[in-house]
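Following are the structures in question.
In the two complexes below, chain A is the common chain; its partner is chain B in one and chain C in the other.
Now for the complex of A and B:
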């Protein structure tokens, strides 16, 4: 019975259409492409403003050479935010709860950043394996630890997003099942559980936005080290 | 855990990257951020006067 609670994360197929495909392709209808007009409509103007603000915030601490990554990271931010928030709607599938999708983005981008750093400035990139101000005696240990932490990064990036979204959706399913089951037996407890469900939904909305932002922020930090 | 089933792994990975590069990147690229308009200053007009010095 407990294992069946994870069934919501199985890639669903309805009438031979994998719902993952619809979940990934449909939300872009909400983001119209900007026209060549001088002034666009309110929807486009507000999206333009958010995009510009978030991109400038993320790329403030990065060297100008790293600003080529702006298009990649800002569009990934929009991708992840949209996928996360769209998955909060009932009966939708959250693509970013799948390890395959998150590891695909995390691993590929991390590897690109590390290879970029190693090719353009190898000494500077390898210098990050020994933090400044560390005692000389600890150098061998620190280098080993920092190397391990370097290779853990893509796994941590992907699994962080997956685990946060999976746990959130699981909690929502559990509390909603509990609320419905208790409604006839213990109504007051059911109301309390309903309040808990409401608060959880608010938390999940926040988590959806924050986790997408954290993903991009960490990638920008890794870029800052390597560019 | 369903996320660890290997069958749709590669398909999902490639599909998500394909949609990301085919749809999201072009949409974001089309956004432009023009400079803020500046008020014209009268001093600049007087400095840029052209005098036909060879006539």
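Now for the complex of A and C:
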């Protein structure tokens, strides 16, 4: 019996340990905590430098009150980047291709940000439902539209990440199956498909990093509005 | 002396350096809980391959290769249905 295309998104279990548990522990292992030494090893120094750069870049437009969220968003960035890129290795399982994990992150964080904004500065938060400079006649329609767009944000965040990764993995599997199948029948077409597969893999690597960054960036934008 | 009973240096000796008659005392001093074993293994690998002066790409590559192998072992029962066969 052959496997269907979507079977790569199942998490196999051995001795009651699912592979997703090992995959989720990967960021904890790959990113050691800094020591109290003055000069750490190369690995740690480069990781901390990169993380510091990206966090300060993301938090540049946010009020100082929102800087409390720095540790949450930067650890989420590490988590998503590691999950996405580790999923590109052969035979591995990508937890972020599951809707459950992504919706868990997106829904909880979005709701936290919105509730924070509504509690600390309700007028300012509700004011975002009517963009500045809009014609007065459109106000009723615009408020409805902006409310809908507000409530669709967590769904969009979660589904965007899931769909991008799932689609990428599916495409890679399809193209590689096609390459293998064509190898004996039409070798030249197989070589062309192989080139396509190589380019697709490069794209997937880029998508993995970009999608994680977009997730964090959008959350920081929502935070900027509400904090 | 590294062999004094109850000293930290005694417990931290490698298994190869422990005398047979001192084995129970050495074992009692080591952390043999599952958490302790995992932490011990992590510390060993980290200090041997990553926390060195000129650590390169080898440390992480070996780990990722092991991760790929573990993933293969975990999914073998599922993947074995997808072998190349003339008749499925």
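Just so it is clear, the second predicted complex is superposed on the first by the 220 of 227 C-alpha atoms of A that agree within 3 Å, B and C clash if a C-alpha of one lies under 4 Å from a C-alpha of the other, contacts with A are read in each partner's own complex, and residues count from 1 in each chain.
Note that in this section a residue touches a chain if its C-beta (ideal position, glycine included) is under 8 Å from a C-beta of that chain, and two chains touch if they have at least 3 such contacts.
Quick caveat, the model's predicted, so the values are computed rather than measured.
Student: Of the two partners chain B and chain C, which one touches more residues belonging to chain A?
Tutor: In the superposed model, B touches more residues of chain A.
Student: Could you tell me if A:30 is touching chain B, chain C, both of them or neither one (first, second, both, neither)?
Tutor: After superposition on chain A, A:30 lies in contact with chain C alone.
Student: Between chain B (first) and chain C (second), which does A:41 come into contact with in this model arrangement: first, second, both, or neither?
Tutor: second
Student: With the two complexes superposed on chain A, say which partner A:60 touches: chain B (first), chain C (second), both, or neither.
Tutor: Neither partner.
Student: So, A:185: does it touch chain B (first), chain C (second), both, or neither?
Tutor: neither
Student: Give one of first, second, both or neither to describe whether A:19 is in contact with chain B, with chain C, with both, or with none.
Tutor: second
Student: Now for A:10: first (chain B), second (chain C), both, or neither, which partner does it touch?
Tutor: Touch status of A:10: both partners.
Student: Have a look at where A:89 lands relative to chain B and chain C in the superposition and call it first, second, both or neither.
Tutor: Only chain C is touched by A:89; chain B is not.
Student: Which parts of chain A are in contact with chain B and also with chain C?
Tutor: Dual-contact residues (chain A): 7, 10.
Student: Inside the complex, what are the residues of chain C that reach chain A?
Tutor: 42, 46, 50-56, 59-60, 63-64, 67-68, 70-75, 77-79, 81-82, 88
Student: Given the complex with chain B, which residues does chain A contribute to the contact?
Tutor: 6-7, 9-11, 18, 20-21, 24-25, 28, 31, 33-34, 47-48, 51-52, 71-72, 74-76, 78-79, 95, 97-101, 103-105, 108, 162, 166
Student: Going by the contact rule at the top, pick out the chain A residues touching chain C in the complex.
Tutor: Its residues touching chain C are 1-3, 7, 10, 12-14, 19, 22-23, 26, 29-30, 32, 41-43, 86, 89-93.
Student: Report the residues of chain B in contact with chain A in the complex, numbered from low to high.
Tutor: Within the complex, chain B touches chain A at residues 1-5, 8-10, 12-13, 15-17, 19-20, 23-33.
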